[in-house]
Structures are given as C-alpha cells and as structure tokens.
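Multiple structures are listed underneath, in structure tokens.
One chain, chain A, appears in both complexes that follow, with chain B as partner in the first and chain C in the second.
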Partner chain A sequence: MRKITTIKKKKIAVPKDSICGWVYNDTVKEHFMYPKNFLTNDEEYDADGVGMVGSPACGDMMMVWIKVDKKSQKIKECKWRTFGCASAIASTSMMSVMATEKGGMELNKAIYLKPEQIVDRLGGLPDRKFHCSVLGQEALKEAVEDYLKHAKNSKQK
Partner chain B sequence: MQKTVNKSKFVVSKIKKEADNVITLFLSPKEKNIAYTAGQYVLVSLNKDEDIHGKFYTISSEPSEDLLALSIKKVGSFSSALHNLKINDVIYISGPYGSFYPTPEMNDLVFFAAGIGITPFFSVIKDIIKRKVESRVRLFYTNKTLRDISFFKEINKLASKNPLLEVFYHLTRDTSSHELIKSYKRININQVQEELKDLRNKNYYICGTIGFVADTRKQLLKKKVKEENIFTESFF
Partner chain C sequence: MKKYIYLDYAATTPIDENVIKLINKTNTLFYGNPGSLHESGRLAKAQIEKSREEISNHLNTSPDEIIFTGSGTESDNLAILGIAHAHKQHGKHIIISTIEHKAVLESALRLKDEGFEVSFAPVDKNGILDIGSFKKLLQKDTILVSIMYANNEIGTIQPIKEISEILRPIKQKTGYPLFHTDACQAAGVLSLNVNDLGVDLLTINGSKIYGPKGVGCLYVKKGINLEPQILGGGQEKNKRSGTENISLIVGFAKALTIATRKQESENIRLKQLQNYLIDKIQKTIPKAYLNGHITKRLPNNINFSFSGIEGEAMILLLDQAKIYCSTGSACSSSDLSPSHVLLATGLALELAHGSLRITLGRKTTKKDLDTMVDELAKIINFLRKISTIKV
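Presenting the complex of A and B:
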C-alpha cells in the first residue's frame, strides 16, 4: 500500500506588486495549495457513488466519490481527484467542503448545486476559468445519480 | 481515468440563418439517433477519432422533431468551422448532457435568456407546448439589437397561440422601435417583479454569458428568491 504523506503548510513568498503575481484570491490559492478531501488511492475507498467527467475544452478529467448517510440521505464524505488546473483543483476542493459541511448536503441539493455557488464561496474566479468549477459539480451530480441508481436497484432485489 | 466518448455520425441536411452570426444546423442521424430531453446539450466534433477536441452546443429542437437541431453563434474558430459546413457534410455528436430543464411538478416558470442563451428555452418551450403541459412560462429575452434575436418569428407565433406563454423582449443597443420590444434596457429585476407581481413560488432558469447569469442570479437572491428555485447554465 502506498503511504499517503501530508504536505506541511508553508508560506510561499510572492513579491508585492509583482507583475507575475496571482490572478487568484487567497481562498482560491489556499484550496489549490492545500486541497481538501483529495483522494489518492481509490482502490481501498468504498464509495456509495462515483462520478467521472471530462472537459474536452481543456482535457481535464475529474472523479468524485461520495459516501451517503442512508438514513438522512445526506452526503457524509466527498472525495475527488483531477488532472485539472489550479482552478479545477480549488473549486472542487471548495465543492467537497460545501457538500460535507453542516452535517452534509442533501442529495437533491447536491444534484442542483450550481457552479455559481462554488465560485461565490471561492470569492470569485476569472471568467475564463469558470468552466473549471463546472467540472467538479458535474462529477458530483454523476456520483449522486450513480448512488441513487444503485440504491433503487438494490431495493428492487 | 479514461472515459470513452461514444460518437454518433450525423449528416447536415438543412442550414438556416436565424440571426446575425447565428445559424441552425439540422442534422439527420447516419447510424443511430440520440434520445434527449429538451434543454440538454451535446458534444460536437468534426473528427471521429480525435477524442477530446470538440465543443458543447445546446439542442434547439425538441425530442419529437425528426431532425436534431443545433443553433450556433459564430464566436471562435470551432464555431466558424461549423458555420462553413455544407449540406451532406458529416459531424459527430455525443451525449446528451446536462439537466437544465424543468421537472414535471413545476408549473410557473420564468426564463431569462441572453443572446444565444435562448437555445435551451426554445427547445423546452416547444416541448412544453407539444406535450400540452399546463405550465405558465414567462420568457425574458435580451439581445443587443433586433437583428440578434434568434427564433423571433417562431417564438412570436408560439406566444400568439398559447396564452400560457408570455415573452418580454429587451434590447440593449438598439432603439429602433418595434411593437413587440418591451424594453430598451437590460433586464432589471424590479421590472421583472412588476410583471410577475409576486416572485415567490416560481422556478427561475437563467442562460447566457457568465456575467449575465451571475448578475441575474444575484439580483434574484437579493429579492429573497430561494437558491433552490434558481437554475443556471452559462456558456464559456
């Protein structure tokens, strides 16, 4: 089994008024550098629902795994992995926080989660990076639908 | 993490100019047709093998129509290539994708469309009328000029025959008067509120540029419309 190492927080010095400074705000930066709920080894992760989408616009791929509390029909855990860019990482990280905070998001709310809500919570993304926030949200929707399909099938059995 | 995309071959069987820089490609399936819900979009590519290169376009036909219609605005190199297609040219479609459509229990719908953002609504409205769904629809449709309005004649025809459909046209850079143009300003939520009387118990669908969608959603939220009653789709 591969060992998962945690990266220690380190301050990265970016010169003030630098012409090559970040176009991203601090929240986006934080979620990009220290992504929350990132899953490296999915083989041993027993998910209730899996979603995978790819954005042909930039070659990004996104996977989302969820665990669902059967009784409350809320998302207990939301893990993800992407080959995407900084914005895709930051927005999916934020999305995973939104899906699991305050006791977990209800499934029908997760299906209809809007990219605009994620972008709002990130404090904004450049317009040309908006599509990155769609990626995680689409994968989460697929994961919920995957869970609901399986739940329905096992009920029929 | 590879996902295969199933592409279906389609042939261009009709091309129609809808507005300045907007055409509709009417496509017939070469092998198998795709089953879709009004409001969904597809991935369009010009090459069968190229796996990732393509763009998403909303379907502007409704499911019972014989030909699959995609209405495309010329903005970049890919859409320009689609504008240069001729009758009998081949394109590849995969999908459908998306969930930007009303559910059966919604009976009071408010649609906000900016420019080519009309496409999902055009499909959904035709579908609602075709299936005789008893749902009230109010469409706020904004464009820069009169010449930018896609489906102008078709929408007016649908509205004149269906009392449940009301259309409010907005133009932002054109002052030429037309009896059907309600406003020569951007869509303003106070004006919308006047038309709707009450903003509660309705479902709002917004489609357009990222800025238009974000701004309209924020205006609705400010008026205490609930987040779960707002549905969005932006193009980028």
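Presenting the complex of A and C:
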C-alpha cells in the first residue's frame, strides 16, 4: 500500500529573477532609479553644445548638454534630461557615463556612438524596448555637432 | 502595515475567501463530467444548472438565456462574431464605440476583414458616448450594436438604456439591430437587470467580481440565434462546446451573489474613497488632469494624466514602493501604442503617455490612499526633475 503523507503548510516558492523579477536587469534598474548626470537647471548651465531627439507625442524626448575640453577634443561633462519610460531614462544615464568616463570620450567617437554599445553596457534590454527607447546617442551626436559648428564659427571670426 | 497596496481592481480582483472554499469543495465533490448519464455526471450537471439559475436571477432573466464561457473576452467574441455570422443575411453593418475593450474591438476588426462594415461611435471628451453621432451611424442593414456598459480604463458609464430606447422603434419593425453590452466592469457595481437595460446580449465574467479567472457568461435573449465559436460536444445548448468547468462556474455564480449583496454599501464606501483620492491628488500634485467623467463613472475608478512624465516609469517606481496600479502608456502595452480609450477622448498624446489608473476595491482603505499619494507625489517630483518637458 502507498504511504499516505500529509501535506504540511508550506510557503509557496517564488522564482527570484525569472518570472516575478523585474522587467529590467539590475544595471538598468540602477540607472533608472538613481540616474547619473541629469541636469536640473539648464538656465545656469553654460553648455558648449546642445542636442535634442524625440517629441512628447511619441513618448520619448531627450536633451543633452555637453562641455568639451578644447585641447583634447574630449567630452568633459555630459548632462541630460529625458521624458520617457524606464529604459529611456536608464539608457540616457548610461550614455552620459560612457561619454565622460576615463577622461572623456573623444568627439569623433561620440558622434559614432551606437545604441548597441549602450545596450551592451546596460547588460541588455527587452527586445521591444531596443529601438524605441535608446535614443540618447542621437541627442549626443547633435550636441557634438552643435559644438563643432560653434567652434568653427568662432574660429572664422 | 500592509505588505503591499493593491490598487488595480479593474485589472482583476482577488478571489473572495468564501468563493475559494466553495471552488475547492466543488472540485472535490463534483468531478463528474456533466455530460455523463451516471449519477456522478448528473450531480455535476445539477451544480451547473443551480449556478445558471443563480446568475439568471441577478440578470432578471431565465436560466436558459445564459451561456457559460471561458472568459469575458470569449463572451465578447461569441457575441460579436456569433451574431454577425448568424445574421449576415439581414445585413452586414455593425456599430461599436471607440472605447470598447479589445475583446470587442478586435472581433469587430476581424469582421471588417471578412467584409462586414464596421462603424465606430465616438465619445465626447469625458468618454461618454455621443448619442447624436451614434444615431447618425445607424443604417438599414445594421445588425448589431455593441456598446460597453462601463469602461475599464476611465470608468465612464455609458447610457445603455438611452441607446436601447433609440433602437427599440427600429427593432419593432425589422428585429434589428441586436444590442450587446460588455458589462464586465459594471458587474457588482451597477444593475445588471437586462430587461431594464433593454439589451439582447450581455457579457460578464468572474475575474472582476472577486470570483475566479477563466470563466464568464453571455446572456443571449431567448429566440436569438448565434453561431458557436468553439465546436465539439455540443455543450451549452450547442453554443459553446467543451467540458464545463464546474467549480469555476459555481464560484463565478457565488461571487456574483456576494458582490450583489455588498453592492449598495460598497458603492457608497468606494464613492467616498474615490472623492477623497481625486481631491487629494488634485491638491497635492500640480498639473494633474482627471480623465473620464466626473460623476458618470464607476465608484472605484480614478484615472489621471500627469504632464511631463511617462506612465511606465511611474508604474515601475510605484511597484518599487509596493503600490500596484496601471497605465495607458504606450510603453506598457504589447503593441507600443498608447491607450485607444484615452486617445478617443481627444487627450493629447503626451498626456496619454502619462496616464495612471487607480482602481479601488474591498480591501482599500483611506490609509492606503494616503500612502499612495505620498509615494506618488515623490515619484512624480523625481520624474519631472529629470524630464525634458518642464511643467
């Protein structure tokens, strides 16, 4: 005869990271909840270049302000603001870190920064978030171009 | 202190404890196939018929007008597709509102692909059906009108009686158009008396009334034929095949009975909480706009848009604070487009992206709402600080 075992009251096991874990990984979460380098007051910020991408209507809009080291042609500071979802905020924050770390990114590298590089550093994003929310690099590119345009103009003067 | 604050009752409700007990008991006692001839089957069948009668009483109709299904979505599909297919010789035009649940909307779009003509009746800026525009959409060949009783996102209550009054004289001549209403959100809150409402078909389900998920029913007025969408053993008078889920049906009926019993007192309590929360949000958070109608709305629904922020970010931060709500933002939807309901009310895209739906229920207390607003204010302040859009 089969032994009958009584079922004791057990806590239901909950899978930690798979199903009920966060939509985003820990790095994304960190940059979303504690974003780095965002700019609170742009009126008092004397930027060398400014760039913008997106619109309120499409749900994502980023602005980037940069300061450039004239000698080395590297980004000294990269500030930003984002209207958008968690991955839009996190990816812009990560971008600002990448642009300023290790003494700053060279301008010609910043112009060619790819969304894939940002996503890689974030340790991945859900597929559906990739194309719509990683837009910060476009604002950065615009900011660099804005700086270069002004630098050229002032040289001509 | 609660471990978390659940404010998403319109998404689904927790199951009433008495309903859980009854479901478990039914599962143990009545496992026979209701289609079987032996006693085990007959006992199971009796449980279903008892539940059918219970539900029909709440709808003020007769038991043979109730078809059990697997969900509210399935009932909506059966109503729209089933009626259109069975009555197409009388006409190929149907009307639905612009704020229908996707279960109705997608069924209507399927019909459009099949060659039916579908008209969308607009709503005003408060999310209430525009009766004047609706009247103009009626055609000689309109066979079906489907307007939801109460909206799931903004909670607006639609003028169902008024619509059936408009349809009545037309129907007296030709028998058409038939009138369906999705009452999933209205169940347990508003009267489901189908005679008063004047509807021919009505959808309700278990998961919004503290009953089980995976069960719903469709009321179909006697004498109205519809094409089954699930074929097989001919259960539910050939309208919906598949072995009946006895315990869920029994639990569903019980949940509706309990919800009806609590309806009056809960409505009063929720209305007070609703007013309190709306007032508190408007006083605490600048640039907060209430979506939907101020009075013609379900007592448990609050829907706000906050300018300058995006809904998914807001929901995730609330989740982090153990407060569970939902949003009509594009980022949170599977098709990456913002809520069609909010857009139908003419809301600007930016505000549709920044919407928050808070829905209250039996366990909600005033203290929960105080905690909620405190957290929400912090979150909105934070998101606005990093937002490109300055408010």
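Definition applied: the second predicted complex is superposed on the first by the 129 of 157 C-alpha atoms of A that agree within 3 Å, B and C clash if a C-alpha of one lies under 4 Å from a C-alpha of the other, contacts with A are read in each partner's own complex, and residues count from 1 in each chain.
In the analysis below, contacts are C-beta pairs under 8 Å (C-beta built on N, C-alpha and C of every residue); 3 or more make two chains touch, one makes a residue touch a chain.
Because the structure is predicted, anything quoted here is derived from the model rather than measured.
Chemist: Touch check for A:Arg128: first (chain B), second (chain C), both, or neither?
Modeler: Touch status of A:Arg128: both partners.
Chemist: Between chain B and chain C, whom does A:Lys141 touch in the aligned arrangement: first, second, both, or neither?
Modeler: First partner only.
Chemist: After the superposition on A, what does A:Met33 contact: first (chain B), second (chain C), both or neither?
Modeler: A:Met33 contacts chain C only, not chain B.
Chemist: Of the partners chain B and chain C, which touch A:Ile111 in the superposed model: first, second, both, neither?
Modeler: In the superposition, A:Ile111 contacts chain B only.
Chemist: Go through the superposed model and pick first if A:Val23 touches only chain B, second if only chain C, both, or neither.
Modeler: A:Val23 sits against chain C, while chain B stays out of touch.
Chemist: Looking at the overlay, does A:Cys85 come into contact with chain B only (first), chain C only (second), both, or neither?
Modeler: In the superposed model, A:Cys85 contacts chain C only, not chain B.
Chemist: Residues on chain A in contact with chain B in one complex and with chain C in the other?
Modeler: 52, 56-57, 59, 61, 63, 81, 83, 128
Chemist: Would you mind writing out the residues of chain C in touch with chain A in their complex?
Modeler: Those in contact with chain A are residues 308-313, 316-317, 320, 329-331, 336, 338, 348-350, 353, 385-389.
Chemist: For the complex, which residues does chain B have touching chain A?
Modeler: It is residues 1, 3, 5, 43, 45, 51-56, 97, 99, 210-211, 213-214, 217, 227-228, 230-232, 234, 236 of chain B that touch chain A.
Chemist: Could you list, by residue number, the parts of chain A that touch chain B in their complex?
Modeler: 52-54, 56-57, 59, 61, 63, 81, 83, 109, 111-112, 114-117, 119, 127-128, 130-131, 138, 141
Chemist: Flag every residue of chain A that touches chain C in the complex, lowest number first.
Modeler: 22-23, 32-33, 35, 38, 40, 52, 56-63, 81-86, 88-89, 128-129, 132-133
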